[in-house]
Amino acid sequence: MDGLLLLEQTFNGLQFGVMLFLMAAGLTLVFGIMDMVNLAHGSLYMVGAYIATTFTQWTGSFVLGILLAVPATALVGIAVEVVVLRTLYDRDHLDQVLATFGLILFFNELVRTVWGPAALFSDIPAFLQGQVEIIPGVPYPAYRLAIIGVGLAVALALYLIVSRTRMGMLIRAGASNREMAGALGVNIKLLFTLVFGLGAAFAGLAGMMTGPITTVEPGMGDPILILAFVVIIIGGIGSVRGAFVAAILVGLVDTIGRAFLPQFFRLFVADSTADAVGPAVASMLIYILMAAVLFFRPQGLFPARTG
Amino acid sequence: MTEPVLAVEGLVKRFGGLTATDDLSLSVTAGEIHAVIGPNGAGKTTLIAQLSGDLAPDDGRIRFAGRDITGLRADERSHLGLARSFQITSIFPGFPALDNVALAVQAHAGHSFRFWSPARRDAGLREPAMAALDEVGLAARAGIVAANLSHGEQRQLEIAMALATKPSLLLLDEPMAGMGIDESARMIDLLRGLKGRHTIVLIEHDMDAVFALADRITVLVYGRAIATGTPAEIRANAEVRQAYLGDAHVG
Amino acid sequence: MKKKLVGLVSALALLATPSLAADKVKVGFIVTLSGPAGIIGKHMKDGFELGLEHVGGKIGGLETEVIFGDDQRKPDVAKQLVDKMIKRDRVQFVTGVIWSNLMMAIHGPVTRSDTFLISSNAGPSPIAGKRCSENFFSVSWQNDQTPEAMGKYLQDKGIDNVYLMAPNYQAGKDMLAGVRRYYKGKVAGQVFTKLGQQDYSAELSTLRAAGPDAVFVFLPGGMGINFVKQYAQAGLKDSIPLYTAFTADAVTLPAQKDAALGVLGTQTWSPDLANPVNKRFVADFRAKHGYIPSFYAAQAYDTVRFLDAAVAKVGNVSDRDALRAAMRAGDFPNTRGSIKFNNNHFPIQNFYMREVVKQDDGSFTTKIRGIVFPAYGDSYAKDCKMSW
Amino acid sequence: MQALRQPRLLAQLILLLLLAAVPPVMTAIDEPFYTSLFTRIMIFAIAAASLDLILGYGGMVSFGHAAYIGVGAYTVGILSFYGVDNGFIQFPLAVLLSAVFAAVIGAICIRTSGVYFIMITLAFAQMLYFLGISLEEYGGDDGMPVYRSEFGGLLDLYDANHLYYLVFAVLAATLYFGHRLVNSRFGMVVRGMKSNSLRMRAVGYPVYWYRLTAYVISGTMCGVAGALFANWSEFVSPDIMHWVRSGDLIIMVIVGGMGTLFGPVLGATAFLLMEEYLPEILEGTAPGAGEHWHFVFGPILILIVLFAKGGIFGLFGGRERGDD
């Protein structure tokens, strides 16, 4: 019984992890290649969720809604890159932090003004409702399985892009040594814009997929942004592989911690103390994980930069 | 025979599959200018970094002033009398030249956990710093913000910062890199003036400078020392000629 | 630079318009308006404004000025707002206040000054007990009462083996303690989740494995939307009944919809309460603002009616003792029918069981299913030394 | 008085004098609110100036400095909870505890640099935040009321003017100490490490210990700001340790002008006055517009970054000499 629960919780952690990966992938690419701290990445997650919800309502089809919303979010990302972020590449990180923090405020307020302050209704499409028995006795929501599937597919696609295409070659070159990428004589400006659009599309996709299970509301991207930063720091900035490993790690640690820490503490201390300590430690767990990783590996698990 | 100032034994440094320093041994005696030359990628800067303590070797020992310093940090080595300059100019660009050198003096004038008295009005720091600037010929430029100095002056400033720590051994990583002919000549004069008073390990691409200054030369190829000797011996060494030096260069 | 600051100082001096007109009613209204958490504040502001409309824009028939303040959900910003309202605007009443921690931050400073503090929502236990004040009134409820009503309901119905869940913060702990004060059956499990948590998959898996007969959750706002949707998506809604407090209301229902259908929760108010004040309030609110009011809106509305009744009875706002006596009398027109005040100035009122239903127009609302506690006072009143 | 020969220093002194004049002026025009407002502004100015010591001068971007405000505030709060209201006990203990926290956290964080440093400081601040939430005895998330400190009859902090001048004195002391510090031997080391820490190591500085010391000094001064904050707000709650608060401090520093002492003071003033008056101004243009003030505030931040390099202080040509 406990084994089955552990398995189910592992699926939960995996699902959370792939979601985080979608967020972190774009963030780590933008950070690694352009050396750009983009706090507004969470806003793209939110914008993606809002656009997808709206398109779904218009078209009546969840799939169509997402198919339309992914390029739309990419376009929003590209617009942000061209209008604001492009001028910030040669600034130091603090200027970038401040300006993109301004963008967060702006986007939260924009969404609130356009769609209203109330949370939007967003539901799982009919064909993904219900449960699937992953193994006999463990029913699991079909939609969450779909998230895992989409997430892994995107991870695989990204892996193929990075390792097999010319753009991927440039991305890798850029992440490890920016001057070199410039020296290769490619149109860096265009590359940056494309990468940013790609990152925005991933973040938007994460928001779209999460929308039906959580809340589509102003500011929904802020908490997930911090988590995504934790992921790319643990993974090593600029490393897509690191982001994937770290996202799954954070997903599993957070989920398993929430599920089992209170019981674990009950083995040692009184129930009431365990009830107080368990959730508190569970909330801190990923931060403790990050601090521990950085203690032993100050550049994260997979440092991408060589120079 | 007196013990060498610096003795390197069996030094090894690997980066992934690449062996940047390959079982390298070297000894530098007091008062000499010991040049290390080699083609690009021979591992010269990697060697300097290990000598100065910025990079930890994978194997081997470094002895300096009679003790094993292999496990010491860069700042600890500095306090034993080791000073370095960097291949890519490494100064404090926002500070005036004098402040750059004063910071180096300060590092060797007791601890710096002093939070109250203005450092810029501390004669105990300013005077030695001025002296070091004078020694490299920058006294007149003391008040200029380092970023605004010419490239050649910045290289001189680096030497002044190294001298200000009162080192017994100077590690100079291509002090003439990027310099024009006039600037190079001035630097050669400067280094010649230091000769005898300081022991120097000199990495340099400018062969004229090397052969004009060096007492002994070590030739690195792929991280290995293929020869060590006086300039004349190195000129005559067939292996060196074949591996590295073109006849035209040696002249 | 000097010139700049001198300019600033004189500008500040100009901003200050000292007005000591004693018979002008000045009310400060503090809620969270800006930023992502602004939705509840909007409900309350809309309710408050409708209340003003219903009293003809004049509280107690006197000229009235309302100063709206946005606390950004930060305690120190709230504290600064009340400083400004009391010292600069010289209000006689500070009202509103959504969050318990903000209430804790301003309770002392306001009640120590010659200003009345009227809570339109927050009701943390310290200010209901030992720290009760004669300058404070609540027209909402004490935090523990709603879960206590739920605990009593579960106990009375003989429901056993209940699984309890709340966020890991003070209100969450108070809520579960409140349920357990009346519910004496078996607890299948008790879980404290992260504040602001978005995904409850881990908790739902653990919950399912524990096999409870019923589930009680307190997950306000966005957390409630997340949980209720995920509870339904996990297929648990049809097998294990869900009991709630502050988890399914007019703020969250538009985003929960069918997932919340049939969910039960205790509350002091519901849109379908059949008293004339409430009927008018709900009808006018929907007409004016275009959405179904929440209890937040109703309480903000009642705040205006409460002030209006007291000021009208006294005829001025300078006789504070008379005002206090008038307020203590209770029995002002309000959306809940009848409100009396306990010795600690918290209401004694009915607590109802409400169920989420779907209306003919496709919208979702709550309907009263019965009274759990008639005329119920809170359990901290006995710690309050005040008597009158 | 060599200060009088330097116009920038003179301007700062004048600003301080103007701040000193706030309470009597406000009392005279019967507007005590502004005394309270400027008390809060000065408290955040102290915290921002402390942060700037390591951020602007030392190049260490701490994204968790609000945690030390929390440590200082909770020291006062918890002592007050147990009936110890004596400021002569509370404040030294606040200093000591924030120093201890900063030393332990710093010892781990200083090992990293750049963005990794930003995130690890955030991580520790988040841990303290969640710790605060789980402190049930002290109100958890709801926080707890605090009685203002007593100073053996010397000061009555319930008198707004006394509190104001206490905060003012601490601010002035912070700025003066900061001024001495950044120009001292230690300060030169800190600034040198920001400019080129590899070079600092090469000339013989054990960089780690100097960075750690700077971090501890900065955290401790923030802790003092926290102790004052608890007195001003008569309340402590974990909210003050939320990561957004750490972000606010960074914004104050950058907006005001980093790597200067007075910049953060101007930044805190601008930030908090904007927060206070932007909604009012917008509300004046259209009813209901006030709650959308972020719409204007966000782009203002972006514009400051794009066009006002060096922050507000930079606009006055007030960039201090001798940094990168």
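Order of writing sets the chain letters: A, B, C and D. Residues in each chain are counted from 1.
What we mean here is this: a residue touches a chain if its C-beta (ideal position, glycine included) is under 8 Å from a C-beta of that chain, and two chains touch if they have at least 3 such contacts.
Model, not experiment: these values are computed from the prediction.
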In contact with chain A and chain D alike are the chains C
Judged by C-alpha centres, the chain sitting nearest the middle of the protein is D
Taking each chain's centre as the mean of its CA atoms, the one lying farthest from the centre of chain D is chain B
Here the gap between chain A and chain B, centre to centre from mean Cα coordinates and rounded to Å, is 47
Separation of the C-alpha centres, chain A versus chain C, in whole Å, is 35
Chain B and chain D have mean C-alpha positions lying a whole-number Å distance apart equal to 43
Touching at least 2 other chains, the residues of chain B are none
Each of the following residues of chain A touches two or more other chains, namely 108, 112, 279-280, 283
Residues in chain C with touches to at least two other chains are numbered 35, 38, 168, 195
So the touching chain pairs work out to A-C, A-D, B-D, C-D
Chain B residues touching chain D in their complex are 52-54, 73-76, 78-79, 83-84, 86, 90-96, 99, 102-104, 106-108, 112-120, 122, 125, 161-162, 164-165
Listed in rising order, the residues of chain C that touch chain A in the complex are 35-39, 42, 168, 190-196, 198-199, 201-203, 205-206, 209, 222, 225-226, 229-230, 233-235, 251-252, 254-259, 291
Chain C partner, complex, touching residues on chain A are 1, 4-5, 8-9, 12-13, 15-16, 108, 112, 117-124, 129-131, 139, 141, 143-144, 210, 212-220, 222-224, 255-256, 258-259, 262, 275, 278-280, 282-283
Touching chain A in the complex, chain D uses residues 55, 61, 108, 111-116, 118-120, 122-124, 126-127, 130-131, 133-134, 136, 243, 247, 250-251, 254-255, 258, 292, 294-295, 297-302, 304-306, 309
Seen from chain D, its contact residues with chain B in the complex are 180-181, 183-189, 191-192, 195-196, 198-207, 210, 213, 322-324
